[in-house]
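The next part holds the structures, each set out as structure tokens.
In the two complexes that follow, chain A is the common piece, with chain B as its partner first and chain C second.
Here is the complex of A and B:
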């Protein structure tokens, strides 16, 4: 079937999502909870676009294309919602995300710096006991990518969403951290994390053979400069 | 919803194992909290990963500690707010010497809030263990150690021939099995244009048709009895006073959609609902209305009752399916719709309890008779509505659609008590708009309420009298909204928290920033919780701007 995205006609297969069509057409649609190795999740609402001129935007990742559909990824209403969502996400972090992270890059491209809605931020809580994986919970935006990577990609189920509402976060095992969970150290969670809440520790950092674990901010800085 | 986890649950269900949520609830009932060992045991017994079960344990209100030997909770629903502005909560806490979510050092007593016990006719309501007391003297009586079990007023039908308040007698199923093919019943329900009574108003027949047409080795009917709307006690009355009518509606849905098994999910805040339904199911089996070969027709249908664990959003259909299967009650993006992938990944009809209670009438008398019930409205059928304690005669009433809100308030519910006057109504639950007194001539009808930014919703009518502080009401609504957000989609998870912070701080609220936030919530949220919360807030901005403490 044929779909037109921002004036560009593309041929898509049955069941294709609006996000797939947009990418095929070369249009940029911001995403935070989407990873093309995983089933669409529909949580972040950063991929809102206008379809067929309708006033209410729809999420591109979970909306299925219909033949003849027209998509506007720059619709002003959709963009207002998307910018607001990204501002809200930035407002829950106690410090800005590192520049190389997906979240920082989406924010920069949307021109979002501060937030119109400042407020309480996530409590700083670090799990640095595992030799290969570090978890800085205050950077978690509950996008669910790590949980789904562990479920859909790795099949280990060592991670879960926890809590509810603003208190939502992610935990390994029964809340006791990576080391005491079923984690097999595959790194799929760190690989997909859009904020560096979960990062891989480098062997040279000394985590393995008893050296003191590096503090997390230093770790992030190293990663961001490589 | 994770397909892998649902498949694990499906395989385990065949071994008739309890769900992880059931096991965690049992742990709390047994020793007051969920321990790491409980999570490990529940994981082993339910076949789910430990982390998954831990995630479940952190989601539901009923599983959160601390919990004393005696657990006392005060209702924080909207009817109780309308009655006391929240004073019953602080007074009870002060009397017990405990703050909300605190427990005595010796573990003897704990205190918490609960969102709506369904005793909105007698607010404020309290629950001590599983005993509900209610009324202006309830706090004093409970603290004196002599709480009286709260009574519930009888329901009343304004219809000559009651439909929903008529005791269910299985006559609709009896006629159907004798005279109608499944496709014929389906056609009648589609023609009757039964709109869902849970709040969304989606046509029930369309859901049935999708489910019937979907491919699946089995199909399921799910009755949504998670009546979480503060101010509503309609489904409570149906499940506790007329369970047969609900069960009959489910069996008819099963017949039309091609399902042999049904589930009812009831709220734990209604401790009498599950026993009532279970007893009715046992009786129906004894009478041959449920079972493997119903009245010799060859049609088989059975029903299981499942109890929730404290979460408003579980009333959303995908979250309901997650809870039913023992998972975290978070919302899933649709598609896939439940009609395609529901319980155990199989095609599933999810209908509200009241919606299903409409079906026996259609099965017995046909679609036209159903349309004739509300001659003054485009909406077919009758509706149960319920009123809060501010009224003279608060109870559940069966009414036709199309009456004015003024007639409902004044003639049906007898106006407000003690000479008080209506300042505003919230209709249809916490996501319903707020109708100021000057618009009381609006008709109770889907289209006409929508024109005023309101909705039929689930049918609750909560009156606020002239003493209600509208900024305090705003904080009350936002506290509920933020507490109940499932935490999945970003606008709702963060936005409702921010909106609550803006109003609860006491500082002037920048109206433009607030309205920009409402837009993101309304247009960005994944489900009706986040997208619906702006409706009452917009009503308050439109009708009571001077009372909200706005700046700019």
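Here is the complex of A and C:
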């Protein structure tokens, strides 16, 4: 079937999503919770686009194409929603995301810098007990990619989404850390994480991710309480 | 996106297992700082395991060899490359002069590139003049290679890992992919979660058994009876494909007669598997439209390992489940290039693509290309090399990328052979158990430091590109081998490994269309025709032998080489764990040791209770040929009567226990059936075997 994205007509197969059509047409759609290796999740709302005939913007990653559909990825209303979503996500972080992360790149491209909503931010909480994988819980935006990487790519089911609302985060096992969970250390979670909330120890310890190496005293405190 | 974090990123192929993950190696200041999976890797599709992703710290280990070493008294002294080369060349020439070329043997490495292995084979054949060249596939999948050539014609998987996604049923025999081949393990698990029915056959209850329809636990060494039982039920209950048998195969009548004996009840008697489970497994397989068969070293490393592979091929042919998408036979090859090292002719009896050394036309082709006369006489296999060394017929060995004193069976015998050599060259990235007996040690390169190609378990050529430089004065294996050859008077004329790849393609019709450019990011599955088209599926219309027919093999079950008795009442099975890789040379020098730091003995609670062994106790493990000590791990993953351990830590020396029993066709050792006696020992320091005294 044929779909038109930003004026470009593309041929897509049955069941293709608007996001796939947009990529095929060469249009950029921001995403945070999407990963090609996983089934679309539709959680982050960063991929909202306008579709001809729809009353409100729709998420590109979970909306299936119809024949003759017209899509506008630059629709002002959709873009306003998306920018606000990314701004809200950033407002919860204690420091801006490192430049190499997907979140930082999406924000830059949308022109979002900082947040108009100062207020409470996540408390810095690092877990460095695993030799290769580190949690920086304060950077978690609850996109669910790590959990789905563990489930859908690796099939180990070691990670869980925990908490609600502002307290939502991710945990290995029952909050016991990677080492005491079912984790097989494949690193698919760190690979997909768009913020470095789960990252590689070598990159973190070496200061390669940007920012100072992890704060050792805080780590000790964290370890002594668990 | 990572230009700021990394100086450069190089796409290469993983050097651990035979899955062949494509990796992006990220380099900063000349060091690997991170590795991530290539999203377009055909085997791994954006995923990899902790070895591929994290276990790269060994590249900068302080223990890396960085200069040639020459024996001096009881130790070694650093030497220049020139001195080391001169020594090697003069000793090899002396021994060749005094004892003839067949007194020298070389070992190529399944960890090294195709080009390294081809060059090593050419060094032995062209420069020395002997067919004494073998590689470590001898001790893992040589039975698979032998049997698949007998049954189907070609030595390799009939399909690809993608077939797992298309299969309704997959039978896994003697293979534990979530530990040994983690990315394929993950793909199988996802397939199972989507509805693919798994049948697992293994003495241990492997992780994938928890995701399967049915798990069968045969007694170690009785695989043949299990497969014959499956074939019996398939034939009895009408699940065969008579048209396929009639048109595409040969020899079914003889098999049919043999199968009559293998009723589920008879098979239960031999294997311990309930007859009803044999029936159910055969029905699940028979009813499937598309079913794939996967196996590993649990099938091959037996006295009749090669015959069991032929029996597996029978099962697929009887039901017409071969040569079709979703119906593949996939031997999970152990090492990254165990397929390629053999494909390249680093074997005592074949040139590239398994063409016999005795074949006049092939030998002439190579004589013409290399400009030297070549021997038509088969060389020694690895076990024959050790026997010949002890007998005094073999005087020198050149071993690269293999630690035979740790990994080969009957360690005491291997060490005696190495000690009896007049001259031993070891070329490796670390000193190891074998290099203790060397006269010259050469510092070589890891997969992250060299260029060339690997062939994965899907017969897929994939590119290897250097991400970092070899440390210190170390050189690439390719440079070392070609230099030694040139100094011996046989200049191979290769500037780079890519020149060598071109020669391989030119001299091998099965790889005619292979080139660096064509391999590109997606690889090529051999046979590769001259126009560059490759072969994801084999045997879709004919089998690859002169008659174009699949060959049934009517082979009865025979007892394994070792059996439990009053003195040695338990059967030991050996294998590997996720966190470590074979001899552990690389993974033991990474943070993987923080995850697993020792080999343990798995033992069933019933046996443990009877022997007064508790979880964590040190136990003595004694076989007919040796004794070691290990920590016990009490678990129900293993059946009563069986125990299991790994072989990753040299201090354990698991292979002291393994005797000389080997596959009857390929001399692949019977690592999987060793009768042992287990006793608790009090906590005093472990007994260290005095190998040198033997």
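Just so we're on the same page, the second predicted complex is superposed on the first by the 199 of 226 C-alpha atoms of A that agree within 3 Å, B and C clash if a C-alpha of one lies under 4 Å from a C-alpha of the other, contacts with A are read in each partner's own complex, and residues count from 1 in each chain.
Here, a contact is a pair of C-beta atoms (placed from the backbone, for glycine too) under 8 Å apart; a residue touches a chain by one contact, two chains touch by 3 or more.
What you see is a predicted model, and the numbers here were worked out from it, not measured in a lab.
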Should the superposition on chain A be reported as showing a clash between chain B and chain C, or a fit?
fit
One more residue to check, A:105. First (chain B), second (chain C), both or neither?
second
So which one touches more of the residues on chain A, chain B or chain C?
B
Looking at A:188 after the superposition, I want to know if it touches chain B, chain C, both of them or none. Which is it: first, second, both, neither?
second
First, second, both or neither for A:153, with chain B first and chain C second:
second
In the superposed arrangement, which partner chain does A:131 touch: chain B (first), chain C (second), both, or neither?
second
Output check: A:13 vs chain B and chain C. Expected answer is one of first, second, both, neither. What do you get?
neither
Under the superposition described above, what is the C-alpha centre angle at chain A formed with chain B and chain C, rounded in steps of 10 degrees?
120
After lining up the shared chain so the two structures overlap, which partner does A:202 touch, if you call chain B first and chain C second: first, second, both or neither?
second
How far apart, in Å, are the nearest Cα atoms of chain B and chain C after the overlay?
6
Doubly contacted chain A residues - partners chain C and chain B
152, 155
Chain A contact footprint on chain B (complex, rising order):
2-5, 36, 39-40, 49-55, 58-59, 311, 328, 330, 332-335, 482-491, 493-498, 501-502, 513, 516-517, 519-520, 523-526
Chain C-facing residues of chain A, complex:
36-37, 99-100, 105, 131-132, 152-155, 179, 184-188, 191, 200, 202-203, 206, 208-210
Complex contact set, residues of chain A against chain B:
32, 39-46, 48, 56-57, 59, 62, 64, 77, 80-82, 84-85, 88-89, 91-92, 116-117, 119-120, 141-142, 144, 148, 151-152, 155, 157-168, 171-176, 181-182
Chain C residues within the chain A interface of the complex
1-2, 4-5, 28, 33-34, 36-37, 39, 45-50, 53-54, 178, 182, 186, 189-190, 193, 578-579, 591-592, 594-595
